[in-house]
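Think of it as A, B, C, D, E, F and G in the order they're written, each chain with its own count starting at 1.
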Amino acid sequence: MNQITNFTKGFLKENPVFVLLLGTCPALATTTSAWNGLGMGLATTFVLVMSNAVISLVKDIIPDNVRIPSYIVIIASFVTIVDLLMAAYLPALHSQLGIFIPLIVVNCIVLGRAEAFASRNNILSSAIDGLGMGLGFAIGLGIMGGIREILGSGAIFGLKLHLFGQVDGMLAFVLAPGAFLVFGYLVAMLNIINKKI
Amino acid sequence: MKSTLTNMWLVLGGITLIAGGALSYMFELTKAPIEAAKQEKLKQAIAMVTPAFDQMKTISVAPADGQGDSLTFYQVSSKGQVVGTAVKTWTDKGFSGRFWVIVGFDTSGKVINSNVVEHKETPGLGDKTDIAKSDWNTQFKGKDLSQFQLKVKKDGGQVDAITAATISSRAYCDALQRAYDAYMLNQKNTTKP
Amino acid sequence: MEYIIILISAIFVNNIVLAQFLGICPFIGVSNKVSTAAGMGGAVLFVMVLATIVTYLIQTAILDPLGLSYLQTISYILVIAALVQMVELMLKKVSPTLFQALGVYLPLITTNCAILGVAIMVIQKDYNLLESVTFAGASSIGFTLALIIFAAIREQIDLMDVPKALKGVPIALVTAGILAMAFMGFTGVV
Amino acid sequence: MSSFATHTLKTFSIGGIHPPENKWSAGQKIVTLPIPKQVSIPVIQHIGAPSKVLVNKGDVVKVGQLLAESSGFVSANVHASVSGKVSKIESAFDSSGYKRISVIIDVQGDEWLENIDLTDNLISNITLESAEIVKKINEMGIVGLGGATFPTHVKLSIPENKKAEYLIINAVECEPYLTSDHQLMMEKSDQIIVGTRILMKALKVNKAIIGIENNKPDAIELFSQKLSGPSDIEVVALKVQYPQGGEKQLIKSVLNREVPSGKLPIDVGCVVQNVGTAFAVYEAIQKNKPLIERVVCVSGHDLKNPSNFMVRMGTPVETLIEATGGVPEGTNLIINGGPMMGKSISRLDVPVTKGTSGILMFKQTVSNHNQYQACIRCAKCVSVCPMGLEPYYLMSLAQKNRFDEMEAAYPTDCIECGSCSYTCPSHRPLLDFIRLGKSEVNQIIRQRNQR
Amino acid sequence: MIKHDGIIKNIDNQTIEISIIAMASCASCQIKGVCTSSDVQEKIIKIETTSELSYQIGDKITVEMSEQQGNIAVLWAYVLPLILMILSLIVSSILLSNETLIGLLGIGVLLPYYSILYLLRNKIRNQFNFYIIKN
Amino acid sequence: MNLNLKMSLSPHIHSGNSVKKEMYGVIWALVPVWLVSIYFFGVDALRVTLISVLACLAFEWLIQKFLNKTESTLWDGSAGVTGILLAFNLPSNLPTWMIIVGAFVAIAIAKMSFGGLGQNPFNPALVARVFMLISFPVQMTSWPVPDALNFSMVDAQTGATALGIMKEGLKNGEPMSELMNHIPETFDMLLGRMGGSMGEVSALALILGGLFMWWRKIITWHIPVSIIATIALFTGILHALNPGQYATPSFHILAGGALLGAIFMATDMVTSPMSKKGMLVFGIGIGLITVIIRVFGAYPEGISFAILIMNAFVPLINKYLKPNRFGKEVKNG
Amino acid sequence: MSETIWLTIVILVAIGSISAIVLYIVAKKFYVYEDPRIDEVVNILPNANCGGCGYPGCKAFAEACTKAEDLSNLFCPPGGSDNMKNVAELLGLLAVQKEPQVAVLRCNGSNQNRKKTSRYEGVENCSIASQFFGGDTDCTYGCLGYGECVDACTFDAMYMDKDTGLPVIIENQCTACGACIKACPKDLIELRNKGKKSRRIFVSCMNEDKGAAAKKACDVACIACNMCVKACKYDAIAIVNQRAYIDFSKCVLCRACVSVCPTNAIHEINFPARKVTAEKVEEPQLEA
């Protein structure tokens, strides 16, 4: 496969959030603002790239029967590493994302990519695949966070936009209902876009 | 690869071994920064409501009326001299759920500053009690609570309530009152360094 | 009282799906029929409680005393994965008929997300064992409740002429959004 | 409304509607229509298997002569309604809009078979035995005249493990506009009573009930008078409510018995027959007269003379209409039967058959089945359905071709009364889709039973 | 009724082995290959028949089971052990104070439960009926 | 001979009822309420209603024309009803743009996303109201104090609703007897002389409208009666147990939106159950949840949430509480 | 080495190996090797998920293919023979060769050829209409024109021609999945071999009435006059139920029958034009 399409497919055609609907929980929970969404996405990207690379490196020595447990250990290790690093150096973001950092380990994209891609391809392709998918995820979360932030608190990346006069924004968008609504309409939009191209 | 019992053991053992090694190394590496970050957070919260300090002492104190969970006192001192106390206090009168506030008193019992630690109030309403969202709680700065009527104006006090969030405003006052009462009651034994 | 508060809170006020955003995948993906949703709820209930007990024990008996709580993620996920499989294996050995009936009846979801999430949350909330079990049970009841309501709504929507672009997952999400809005009415009940 | 209007009037329990009655031809004496020049007699005029044609082109037949013979248990004989020469045997349109094998007879005179008693004498003495009655009813080609044209002998042949307790005579005529049963009752009450007794004898029951809706006070009075005193036949006045004429509803109304879903009236010990059928039975048994003519009510918007006619089977519908003064200007819908259950017809050369109870000519019709809106889930259809079904749901499933699921919603219970479509504010053609679903579900059930 | 399409894999005396291809809701899903939340693997169902039926290996068939039976299965497999587990937790927590022990007792109750299930396995088998319909 | 006859299937006659007639019936029933709200809230009441209705119609038209490309149902009145009921759920001093946002949520999100009239599982006006309540809590909880025939354009004074006063007071630990002094008289509540949303203030006008709809057979009694009865019963029990803590049933029924909700919003046929049994269960559910939220929850008013929550249960209710089928159980007399 | 590192490794290895044992046992009992070829087969397939093959979706079909020992019972109509050949190649099996087929409409009772005798104002649904009456013309066998077949086609291979009132099949889009055949209550659609150069000849009429009645109802009805039967040298035509039927396994596309038909009931498709005899309503790809 061409490395470029390999890299870009995660953006639109196979966008993990809006098309494949993987990792819906973090997508809903952590997108209260653009930074949070992006942060979560990048953390996932890190895990994805690293675990894809490592798995493709060791794929040949892993016996079939312990494939899944081995993958889980590898992935979980990277998740723990991200968790520790963020706690140490990005404490504010870490506390915002909370429980959803350890939950990266069960995010379907990570294990799914390991199974479907990294276990069959070389290290470079796997890393690129991970990066593409991860960035697709991160951008998706970032956009969703951005929309919710603009509508919900009238700001983007923390910058106040003063859109709504006497109120900051429509609070529903930073709360649970807004997450579902924005997600729903974004999925629909990507449906349409993908059909058009 | 075909699986046999030995290669499975070897591989899985190897992977966990390496993972364990890497993780523990990482843990050792980040231990200090994490601890520092945690301390930093607390310190910042305390520093915001107290004068500059170089030492801190943590004490757990029961509320003045003896009801409910105890409060945490962070007695701060500079150059061996107690300069103030930050009190982490709570109230259940919030709009929803328990409401945690930290308030700093100087040695005379005046409020230095106060802020929200943790709350479940509605974003946009109750969260205006947070200094990051609005400067509502600056009205308590420097107030001597023995003179200042710690009640919202509607209830005959001196506090301007947040528009449409009287409940949260009241709760905040309640938390401060609890801290103040406990502080005054315990002042005798806590002023000693 | 403590337990009742945990129960009501986890079912209605902080519903695991509608407010905590855990287990969304099965919620969106598998909730098409009411009967299956109810059955699945039973399965999740059992697995969630069992997993919570085991991970709680691991945390309090092994990780905490040894100062290794940072191994939470990795050990939980391994244990949960193994546990779920073991239950299945037991069942198959013990009563092949039941196993088959379940095989026909349910898409066996492991809802890793929700199970791991609840296991971690009980530790974060400093619950004791019984509180943890209550919380896990209540969370899965909340999950089942949301799933059943949602399955019924989707059965109905299935008969409607939803605009093409919104068919399927998008309209399910919009519905979930409105449902979450409605459930916000329970704010402050506990 | 009348002296019988008491608040204790009986009716059925669930659903029902009350459309404007518009019984314009009420009270019009039954006029015997002249015999037309040519008749076209389809060999299938009943529910069941088509009959086998016995005559050939060129044969000369007499009135009452057997034209086609019943070809199975659920099937019926067809007799010549006129005398003359068989000019053709071909498929011709009947009122269903499909072509059917029909015997076309060019009328010559009016020659009857000798054994038919053409006098007006009332013969009340029933000489035949139960089994003989059923046999003769079969021979005479009697089918139910209440609309379904179900062969009467089949209904009278009670399966061995069941027992009839009541004969119920359906004199409800709940369809708006139609008056044929009403007029028949006013003019042939004695014959109907004898016919009822014949049916009772055939069924070996000693109790019959005639159910009449309260909008026919004269008929109620007449029959009550004739049957006053302790009698084996009881007259029950019923509250006006469509579709009280549906046999399950009627049984519920008069006896408060509920025929279980998927079961027949006989399962609750009842047999329901139309008054017209009772009259036909009388004529068949006592007078040897096969079912060759019936009362047809002709009515409609702006019609000059709404009438009730006694018509030979096979007479073109056109003849009836002309006798009432022709199709009124602006008529755009002609219905064979009542407005709730009848079928529209597109041509006037189709024949009157055993099932034709009325011909209605309408100007503006409110029902346009093609312009309907989305269901607003108002539950009106649910509340009027006499069978307690959920028409909105059945229609949605049928629209989406989800017939598998539909089975669980009991479309087979639907009696096709049309109350749901009548009442739906969104003008949804509920019954159209339910009929479709019904036939598909029946097919599924049949397939399953075959396995 | 719950219906699944399947293929006959094996016929052995009175037992028919059917492979259920995929759960209906997953069959058309584009990511079922990578999904970990639902089990989309092949499931093998063994059905004992009493009558000689004209099935062949490779026949496409539909397996049917009533929803009620499904619910009974869930009851036996999950709900009852859950109730036992919770009861055992409550009882032992009244008697004991060591949480680890309480927890182990809670889980431990599953062992006798499964043993009982094992003893009852033939009884249970008679409670469940699957129907197979040839497509 | 070709008469150009129409071939159509039975039945050939129709009751003449139509969606339009039903919807305009509701609009007529709402007129008294509207007049009362204009009487008390002045020009602002007019403004809010007008904007809300126009915005609802506009969104309905735009979406049907350009997005869904379905036939226009603009004039069947359903969007109008949604607009009016939405307006009746708002304080009369709400800024115009917020009303438009609400109309958008009602029509675009809650109605058209599901396919339009008849397809939406949730009551559009209530989805909008709850959305706005969550989004604009300040504006949505400051109620203008009613002032008869005040047509001046000056901003009216704002205050809390009777329920709001009650909730806040109880949170603050004030005793019920004390609180009752701040609360309007029963008679005022009947007429509408109290703070609140435009449509909920006058109990009499609401009941009048309800009776009109019942007479026109637009609604049946089951839903409103079961809601009100449940609220009365439940609050009655609580009041009897502890009068110092819980208000009287009549207060709970007359203050706030209980009547508006029970008569006009819970009865929305699209989002309520199909069988009579179902309607009763639906009503009881709404009553219970309303009281739970009002008495134990954070929100002073609970009927909007209660109706939405029960809307979610409607498909389940429809599935398990079917109408009595003829011949299902054999009843032989 | 610090204590943490020690403990970590010990605990992790312990937990890892315990769960690994469980997972191993389970995997051994449960794991079904998912044939990677399934995905490859899916990639070859048209991925229309139309169900034409009898499986719930393309993936299920692919799975069946990889498991099957021979492909004789497996055929994907949309993909056609070429596609199956590729699948077979990939799996190292023998493919079934089926002549490519296409749907044809066996009714030419357009608005022009068949006059309306009544006005149907019912639900526009062929099944419902056909249950109710024979149709709004005197031919009770012909197309009702409410487009149920068009709705059934998932490949957009059909549309209703407003002028003729008949459905039209777009030849190169039709995959011969047969959905329309199931949908049509009048059984008017048939799958016929595409024929050489996509040419085919068939009788476009299903009327069973006697000649005169049929002709009266519709200008292009087959009147069972036997002319074509006589004209065909290959015995490909037979008259059953008052209408002719051309067996496409015998027809050699000689066109002899076409010109003798007095009512133009026989259609030829994709033939070069010849001397103009009568106007014919043809399928549109002739122009295209």
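Operating definition for what follows: contacts are C-beta pairs under 8 Å (C-beta built on N, C-alpha and C of every residue); 3 or more make two chains touch, one makes a residue touch a chain.
Here the structure is a predicted model, which means the values were calculated and not measured.
*Asks:* When every step has to jump to a touching chain, what is the lowest number of steps that links subunit D to subunit G?
*Replies:* Shortest path length, in steps: 1.
*Asks:* If you average the Cα atoms per chain, which one ends up farthest from subunit F?
*Replies:* Checked the centroid distances; the maximum from subunit F is G.
*Asks:* Farthest chain from subunit E, comparing Cα centres?
*Replies:* D
*Asks:* Please work out which of B-F and C-G is bridged by more C-beta pairs in contact, and write that pair.
*Replies:* C-G
*Asks:* Give, as an integer number of Å, the spacing between the C-alpha centres of subunit G and subunit B.
*Replies:* It comes to 72 Å between the two C-alpha centres.
*Asks:* Averaging over Cα atoms per chain, report the distance between subunit C and subunit E in Å.
*Replies:* For subunit C versus subunit E, the centre distance works out to 19 Å.
*Asks:* So how far apart, in whole Å, are subunit A and subunit B when each is placed at the average of its C-alpha atoms?
*Replies:* Chain centres of subunit A and subunit B, defined by C-alpha means, are spaced 32 Å apart.
*Asks:* For subunit B and subunit D, let me know how many angstrom lie between their CA-based centres, rounded off.
*Replies:* Centres of subunit B and subunit D (C-alpha means) sit 86 Å apart.
*Asks:* Name the residues of subunit A that each touch 2 or more other chains.
*Replies:* 21-22, 65-66, 68-69, 73, 76-77, 80, 84, 106, 108, 167, 171-172, 175, 177, 181
*Asks:* What are the residue numbers in subunit G that touch two or more other chains?
*Replies:* Residues 4, 7-8, 11-12, 16, 19-20, 23-24, 30-31, 117-119, 121-123, 128, 132-133, 136 of subunit G touch two or more partner chains.
*Asks:* Among all residues of subunit B, which ones touch two or more of the remaining chains?
*Replies:* 8, 12, 15-16, 19, 23, 27, 95-96, 122, 124, in rising order.
*Asks:* What part of subunit F is in contact with subunit A in the complex they form?
*Replies:* Interface residues on subunit F, with respect to subunit A: 95, 97, 101, 109, 131, 134-139.
*Asks:* Which residues, counting only subunit G, touch subunit A once they are in their complex?
*Replies:* Those residues of subunit G that touch subunit A are 16, 19-20, 23-24, 27-28, 31, 36.
*Asks:* In their shared complex, at which residues does subunit G touch subunit C?
*Replies:* For this pair, the touching residues of subunit G are 4, 7-8, 11-12, 15-16, 18-19, 22-23, 25-26, 29-30.
*Asks:* Name, in rising order, each residue of subunit B that touches subunit A in their complex.
*Replies:* Residues 1-4, 7-8, 11-12, 15-16, 19, 22-23, 26-27, 29-30, 33-34, 37-38, 40-41, 122-124 of subunit B touch subunit A in their complex.
*Asks:* In the complex of these two chains, what residues of subunit C are touching subunit E?
*Replies:* Residues in contact with subunit E: 25-26, 29-30, 32, 35-36, 38-39, 42-43, 45-47, 49-50, 53-54, 56-57, 60-61, 90-91, 93-113, 128-130, 133, 137.
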